[in-house]
């Protein structure tokens, strides 16, 4: 019975994440358009795209890895989702979070990129591979401040568990945003790269690479990819909310917090031109890393 | 430049050599219980050899002499090995100009007396100054004279080999006889006789005669080898 | 005769017999070869008793052999890889030159590794260590390419290590009067302080060379890359672990008595970390699979060194577990490269592309092993990494976590490059008729891959022997505290439950796969990789559009300052300088006899001038 | 009594004088008789070694005059062990060169074998003799036969090498005479035991000066550093087996003389340090000079010099362990270097220049020879489980026991250089392409037997060193016990 | 008498050392092989002279017990150096002979007698 409960809860969580992620994505497109003085698509445009892709049938495939790639991506998103507490007290969204910890999550989150890269690789399209290499390189860049922020948290609060970190915030009554501000800054700067919005969108830059890893994918493949991206965005936002903003007691709080967090990369991207890969990597190893080091020093000092 | 360096070095070396030798008092007994006294008294009383040097060379330190003979033998062998050529490569004896008739007749006259002197010297090695080496060298000088004088003078190679081999072997065999009969290599196996007698000193005289023959043969061989070198 | 001797002698006799059997029949030789590995392996697991000492004497020196629980763990790795790679070798060496030579050295290497593990005294340890060195040296030069460079480099560094060890051994002998390891460990705390520091450092230098720790690692890439791939899987998988074996013993039994021990450990850990980073970066830059894996091996050994140098019970578990995992997946990966080399004749990424449909099983092995290498859950690689990070954080080595994590992330880059380079990308005409590798090569590869999966779910299979070994070295029993069946704890009480994770991952994976695959099965058709929509044009059959040159150029440009000069370069310059000096020394022998005579006179005069000083009374 | 040490000298000399006569009867005699003599010497030394195990050192008196009056030969465990080694190697060298190509001519063959036999005899005499001047005579026998043998090949630059050897040898004999005469004027005796006994009475400066002259003189034969200019040339130009005999027999005898003088005759502590320092310099210079050699035999020559430096270092340590290590080193070096010279000469057989590059690819054409060379190279580097390892281990642990940590480090560092140049050659043999103009020459069956027996010793001692360690240990005991040596000899009076 | 002995001492030792040094100088600086060999011979002579001089006894006679000297053993000079010199001379002769034959070989091979041109073997 418990297993069924888990599966059911998992599906509900997935649906929530899907819907929220898609909506946020649509909102982003709208906001960007308004800033650029365009009208922009409706907020629900992403749902329309997804539905269109979902109902298309793919005529061709390029081999086993080609359709396993999106599956890997999905595994990464969904399993990460299942390990992140959506709300503080679980409730409708039962998950496996008490089993997992941050290190596990870190690896789970990069798993998707690798799977996607493999799928893209088998298509034989050079643009895919180029996009993949850029994406992986950028990933190495932002992982540094990101892991620094997380390690700082671990040091400061003596736990590697996400629930543990949430409990700490609950008990002390203050958010980690204030308890370890430098870690927050480092993590947020890293998240700019994680979302791959401008200025870090060289990976799938449509004008250069014909959408990068996603080229050669259409129909259901693209749908799977798109939905897992949406879910993944939600995963990341929720994780940030959990780690730094004390988690959420209810859905509304969650949506507000995640939306605010989401605006940071979106708005940063709007006002910045695109970086080349090595510039991006170096950017991440600049100030964000400095903040990460300060965060660790602060954590060591404060314990 | 090198010369001056060498000169400087040699000056230092000379200083040290001189200081070493000047530490040794000249013409005084330098040590208390050396073997010298044993040699002198044994040579007179036991071996009955009047020339103590001979007694030392042939008996007390006879082993050295065996080695010495071997060295000569070796250098003759090594020389002929070093200068070995295939038979057709061997050249004529090089002589710049033929000897005059005075020299030729003089040499003919001198040769027997030189040889005789040599033989005398090694036969009386244990009685008077001289001995096998000296005598052998004198004989070789006689042959050198003949070889230089007469362009066609030649010595049979085989005969030389015979002489030197047999002489050397007899030396070793006498030594071995000492080993088997008296228990010690080169030990005297014959009666020693009286001091200052020709037949005194046991095997010493015999060995010196053998050494004389051997040295003569080897020296002649060496001279012969070099003379046959093309100029 | 004692069974330990029997095992060693069986290997030795097997090596000689196998080497000569090739004169009569190739098949007989193959059979004998496999028997010569498996029979001693079976004997080892069934007959050898733990902690039983056998004494013998050579050259007036008392020697002892025996098996401890700690060496038992390493013996498992050695024999597992040894047998797997032996079976693989039969397929790999089929039809190649110098087969007898290969078999002989292979068996000697395995024998020497077991001998090292059996040794309870320094002399037999050193003897087996050197046999291992020269046998593997002969393997490195076996291909005959760049022997003067790669082979000599390997030997020189091995010699540096071995001689450092030998120096330590003779110093130990001067202190204890015998060569027994246990005696030395017992007397170590009472030694003079200088010796207490010097001896472990010398031993560590010796072991660091085999473990390819940073300034002494330069031999490794070339040697791993140029020895036959079937041997490299043992070389990188098991042989390098002998360095780890020795290091652990030094850390645990010696340095724990030393006040400066912590400092030395930290230095070694940092060297390991630097190794991990630099080697990973260089691995990314490689265009040849063999070199890529070679650098990767060096990098992975760096992690292991970090873990064992930290030396908390959890770190030790992590390090040794990673050592075992590294043996499994790197063994499998080198076998994959060997299979590709065997089938295509090259290991260059820029030449071979799109083999996935030609060699699916090989690809599967590669995929699983790469996932294990990258440390991605749920495979065994993750467990080692998890324990490493936890132990680093718990023991306050925060910066090391960052460095380790960085190189672990960067490892994805070459991991992807490896998979993409051979198997993905466009299929080329040139490789159209490439066949899957023969069955003797596939079975060991797949077996090792299955091992990686198995250890991901049931790490206790190997953690238990590790734990027993650590207890025998004097560690407290961390078994119950750190892990239970498929659950990993750290000291803060955080835990990872492995099995639900695996179920979740498998469930989601299969569901999605069904979603993408089954609905399309009837109507999608396979199109070749030439049929793509690049710029709206379809490439011709002979055109290969695969992206393969300057693969990670942007990234490499970003890290350029670190990679400007290889450490290798400094060594080469140093070596060239030395050779120039040596070339000058031989000018002393000028060829002029007179000069020699002058030397003699000068020497005499110098001695005379020095007389009193030189020969004091 | 199974024989007497004096036969080691008497029988070969008898044979040497006999050979020219026998050669007139049947030409093959000139090759067979030396072999028989050498075999007899080996048998004799083995039986004497066994004899002295139970009966103690043999002191053989010559011409009936006991020491110190007459000359005496001493067959002690120390000199006996060396004698056995030398005669064994001598026999192998004879076997190896029995069918040597150049020896088809009768005359050169006669010379070659006589000189070879007398060289072994001279070396044995140097080791056995108890008289200082007699040692000088034997040194000269060895040197002159060495000159002759070195210049044996007419077409090579062998005369040049021999002349350098001779120049140095002549200097050495002059210095040696000066040294001997200084001792004689002070002590009035030439017997080594009595000199040793009366050495404390000698004036200190005279003692030092005489030691300096003698050390420089013997250092020439023993290849110590500034005096060894001749050695590489001679090893390069002499026939292969003669190079082996030089490094295996002659140099060993010279080192013996060096050691006997320093350990037994003199009581100067500084002499040990001299050995240590000079040995170290020799070792370093030779090994580094060997690295960039282009000719195979020259490389082996430098390696040989270096190994002798190592032995001198071991003697210079001055403890019993050091002496044990040194003797072990000398033993293993003699065996291994002979193996290397034997097999190396076939690897570069056809070329008079003997460049290392001529060995390229020979592993394919001369598999057994190449394998044996490799075995020798591995053994001399000191890789276990071959013979060289045990001796190197003994040396290092002796040095460590005497607290010479720096020395251990230096030796090990230089050993790496040695490993490099040997492995470069081994790599060439097996992994390089054969050069087009080199013709491999198959070893004769005799040479093969000689090489295989050496290789067997390398392997067997490597696996079971106990076969020789007992013997060497007794020899070391013998050398260290100066009082017993003096007592045994002088009691014979 | 004592005074003369001092002069004699310096004269004999001095000439022996001088011979040795002259021989060494010749052997070390002369370029011709023949001259080098000559130098070696001269050096040998100096050493032989030195050996004999070292055995001299003040007012001594030859060590021969000829008629009338049977009991004058105390007055005899030391016979041992004389015996040694005999051996040394012979050996010196042997070495010189070999040296000269080598010179001949070298001349055949190199067509020169200059030692600094005979350096095919070096380094």
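Going by the order they are written in, the chains are A, B, C, D and E; count residues from 1 in each one.
In the analysis below, a contact is a pair of C-beta atoms (placed from the backbone, for glycine too) under 8 Å apart; a residue touches a chain by one contact, two chains touch by 3 or more.
A quick note: this is a predicted structure, and the numbers were derived from the prediction, not measured.
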Checklist entry - Tell me, which chains sit next to both chain A and chain E? => result C
Checklist entry - Across the interfaces C-D and B-C, which one involves more C-beta pairs in contact? => result C-D
Checklist entry - Measuring centre to centre, with centres taken as mean CA positions, what chain is farthest from chain E? => result A
Checklist entry - Centre-to-centre on C-alpha atoms, which chain is most distant from chain D? => result A
Checklist entry - Quick one: chain B and chain D, Cα centre-to-centre, how many Å? => result 30
Checklist entry - Approximately how many whole Å separate the CA-defined centres of chain C and chain E? => result 69
Checklist entry - Whole-Å distance, chain D centre to chain E centre, using C-alpha means? => result 29
Checklist entry - chain A to chain B: how many Å between their CA centres? => result 107
Next on the checklist: If I count partner chains per residue in chain A, which residues reach a count of at least 2?
Outcome noted: none
Checklist outcome for this item: Among all residues of chain C, those touching at least two other chains are 586, 589, 591, 593-594, 597-598, 601-602, 604, 608
Checklist entry - Where does chain D touch two or more other chains at once, residue-wise? => result 133, 137, 140, 144, 147-148, 151, 154, 159-160, 162-164, 167, 171, 178, 185, 190, 205, 209, 232-233, 289, 293
Checklist entry - Each pair of chains that touch: what are they? => result A-C, B-C, B-D, B-E, C-D, C-E, D-E
Checklist entry - What residues on chain C touch chain B, complex-wise? => result 598, 601-602, 604-605, 608-609
Checklist outcome for this item: chain C partner, complex, touching residues on chain B are 6, 9-10, 12-13, 16
Item to check | Of all residues in chain C, those that touch chain E in their complex | outcome: 586-587, 589-594, 597-598, 601
Next on the checklist: Quick check: in the complex, which residue numbers of chain C touch chain D?
Outcome noted: 57-60, 123, 126-127, 130-131, 133-134, 137, 141, 144, 147-148, 151-152, 155-156, 159-160, 163-164, 166-167, 170-171, 173-174, 198, 579, 581-583, 585-586, 588-589, 591, 593-597, 599-604, 607-608, 611-612, 614-617
Item to check | chain A residues within the chain C interface of the complex | outcome: 7, 57-65, 67-68, 70-72, 74-75, 78-79, 82, 96, 99-101, 103-104, 106-108, 110-111, 113-114, 117-118, 121-127, 129-130, 132-134, 136-137, 139-141, 143-144, 147-148, 151, 154-155, 158-161, 164, 210, 215-216, 220-221, 224, 276-278, 281-282, 285, 292, 296, 300
